[in-house]
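Here is the structure we will look at, set down as structure tokens.
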Amino acid sequence: MDPSFDSEKVAEIHRHLHSHLPPEPALRVKALESLLVEKGLVDPAALDAWIEAYTEEIGPKRGAAVVARAWVDSDFRARLLADASAAVAEMGFAGQASGHLKAVENTDTVHNLVVCTLCSCYPFAILGMAPPWYKANEYRARAVRDPRGVLAEFGVTLLPETRIDVWDSTAELRYMVLPQRPAGTDGMDETALAALVTRNAMIGTDDLRGIA
Amino acid sequence: MDPSFDSEKVAEIHRHLHSHLPPEPALRVKALESLLVEKGLVDPAALDAWIEAYTEEIGPKRGAAVVARAWVDSDFRARLLADASAAVAEMGFAGQASGHLKAVENTDTVHNLVVCTLCSCYPFAILGMAPPWYKANEYRARAVRDPRGVLAEFGVTLLPETRIDVWDSTAELRYMVLPQRPAGTDGMDETALAALVTRNAMIGTDDLRGIA
Amino acid sequence: MDGVHDLGGKEGFGPIDRAHEDDPYHTEADARAYALCVSMRAERAYPVDWFRHTRENMDPVDYLTRPYFDQWLQTAIAMAIDAGDLSMVEVATGKPDSLARTPAPMSPADVQAMLTTPASFEREVSEAPAFAPGARVRTASHGHPGHTRLPAYARGAAGEIVAHRGAHLMPDDGARGIDRPEHLYTVAFARGDLFPEAAGSPDRIHLDLWESYLAAI
Amino acid sequence: MDGVHDLGGKEGFGPIDRAHEDDPYHTEADARAYALCVSMRAERAYPVDWFRHTRENMDPVDYLTRPYFDQWLQTAIAMAIDAGDLSMVEVATGKPDSLARTPAPMSPADVQAMLTTPASFEREVSEAPAFAPGARVRTASHGHPGHTRLPAYARGAAGEIVAHRGAHLMPDDGARGIDRPEHLYTVAFARGDLFPEAAGSPDRIHLDLWESYLAAI
């Protein structure tokens, strides 16, 4: 049937669910899985497919490969900055939440940081599952108000004159940071460079400049 | 020593207290009482004095006596509406949070409702301890936005054209509602009238007009 | 909706906990909850903003305390109950009354297709965009009950259009079941214009905002 | 401070629970927590707004979930630790390192005096009030870190002065240890001007607001 689109009704359903479901998360999930499978609403094989995809195939290694290619191939870098959705599709990484992807580039004067304050939106197809801190209240509350304090907790210290560009991705655009290539990596090939790229650098909570 | 007046410092102290104190409220209170008494920061006799005062002496019966007098004595009613602090002091009820008391009067066209959205301020000296719902998130969140929905939950239904005056007592002024005298109480004396006045009527979540 | 989900700029939140940051799922239950949610939801193609709004309507303390995918799963269940695809009695007893009336559930092949096919939220509109890059705009000063994607911290604030992103489905309407595209812009705000203690900071906060959230200054 | 304590107008909160509404204390622990808090705090005469601000700075989930006087008590303990009257080690071990350096604690006679002596927050100022009843004013559009008594739901809003209440100690300053009085006004707002769904409602929301929160329209 169709949804009611009624806020009060779903709020009340949530209150009932809160009282009817087991309080312990693992038991709650187990009870619901068993019901949904028995009811015929989900196929256990589909569940396994989802879980495995983000365990084995899809993860931040994809984003790292994108970044490394942008570092070594200036044409690709230009395409990535112009249309990141197309650029990652070119590498075979099109998928969930990559349809309106934007790459934002760190420079000597600008550092980028990505958050979703309203619900934790994230570019799954190229970064995989979001880390727990990205989804946590603390990061969502603080990243827009106190980005320097947040970065300091991640060990990233910027000059006071460096501008932080925060991207609060509350619409359907998704953002990935293109970090600066570390100094002293001139001889490295794309594969070796990709190994230097951390997931946090692509969110903006890591700084690769000093690592090599 | 002097307070630091440092928000970050007390937030950190709270986090440490959260982890160092027993999670169960009753055990937490017991542990702290024993420490504070042993340390010499509190006198057990003072604790008993506070608890007894609000169990036996100070409570909504005081407010009810004020209301009943205002119903039978129009001069007192005028003094109450002009300077409620002085009027309640006249009845021997001066005390905690009665220093800047205001009485707001219900009429055929206006219904008053009192809340403190920021921290649950309340006129202790004339109403005693606030009921749990007055201090709860639900009442604090909803009373200013949805006063009619809140009143309906308390069984109070107003005409659509009746104006609700909400008093969000976030400064040091405290408010009490002077309800309308119930119909059919012409023969009653002050004591009998006082017995009709509920604590909720003086907050604004009860309507006495139909009770007698 | 002015709910606890609208966390941006809220103060009083402490240090960031980086535990499990490199595990795709940090518990088995977390993995199962994720998979259950996406297996149920996508099949029905409810608007994503109805999902978001249904999540926002969970008990505020549950919202702030429960594991992330555990919240997603309760949201998917609430949506299924709302739409009549499941009953509260079935959830409470753990026993289905009847088999689902829907066609076969999502298969592994469906999953594979979803994993490789990006969704697009862009639509054609006949109206020209009202703002061009460089334009100064002020955001609406209020939200409204129901879903919206204008966070509270950026209401009534002055900013600058940095890009027009085409017309995207409007989320406030999507959560009410209405498919209506509207021009979408990336807007930059000085951090100091949003948070008084940041006055003079060079930092900028960017939000992607729909045209009806914005007025020319 | 934009914290979870600023609950006015927040949506997503459910029905009101009236349990225990006629008991002055609903548990023995509740009564003891209240008494401990007021016995400690009053003795030291810390500004009430520093108490309020210290409470606002507790963990947001604790703020939303713990019993009311349990919160007061943790706040009083946090203030005592902050001021050096108690140590975290003493709290963690439950054993005092030394006796309090303060004079004798509050006696039952002190309690009786407090119970019959209303505090006044009104002070003389030389400046005349800026606004008279009937004046239209707009509230500040932002809060600031630290304590304030202008709730978020009434920021950037137009209202009308209904009364001048004299000059009262300014809470934003009080929570910083500064005793400074400022003119205080009761301001009425149309409910529909604060909450869009209430447009056209006859209802009014009143707040007691300090002069520096307000600007003439």
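For clarity, chains are labelled A, B, C and D in written order, and residue numbers in each chain start from 1.
The criterion applied here is as follows: a residue touches a chain if its C-beta (ideal position, glycine included) is under 8 Å from a C-beta of that chain, and two chains touch if they have at least 3 such contacts.
Worth saying up front: this structure is predicted, and the values here are computed from it rather than measured.
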Chain whose mean Cα position lies farthest from chain C: B
Chain pair with the higher count of C-beta pairs in contact (B-D, B-C): B-D
Whole-Å separation of chain centres (CA-atom averages), chain A against chain B: 48
Whole-Å gap between the CA centroids of chain B and chain C: 40
Where chain B and chain D are represented by their mean Cα positions, the distance between them in whole Å: 14
Chain centre separation (chain C, chain D; CA means) in Å: 34
Residues of chain D engaged with two or more neighbouring chains: 1, 5, 9-14, 56-60, 64, 145, 153, 195
Of all residues in chain A, the ones touching two or more other chains: 11, 15, 137
All touching chain pairs, where touch follows the definition stated at the start: A-C, A-D, B-C, B-D, C-D
Of chain C, residues touching chain B in the complex: 12, 14, 60
Chain C to chain D touching residues, read off their complex: 1-5, 9-14, 56-61, 63-65, 141-145, 152-153, 156, 195-197
Touching residues (chain side chain A, partner chain C) in the complex: 1-7, 9-11, 13-18, 20-21, 25-26, 28-36, 38-43, 45-51, 53-55, 58-59, 85, 89, 94-100, 115, 117-120, 125, 128-129, 131-133, 135-145, 147-148, 150, 153-154, 161-173, 199-200
Residue ranges of chain D touching chain B (in the complex, touch as defined): 1, 5-11, 13-22, 24-29, 31-36, 38-40, 43, 46, 50, 52-59, 62, 64, 66-68, 70, 73-74, 77-86, 88, 90-92, 94-96, 99-100, 102, 104-108, 110-112, 114-122, 145-146, 149, 151, 153, 165, 168-169, 171, 175-177, 184, 186, 188, 191, 194-195, 198, 202-210
Residues of chain A defined as touching chain D within the complex: 11-12, 15, 137
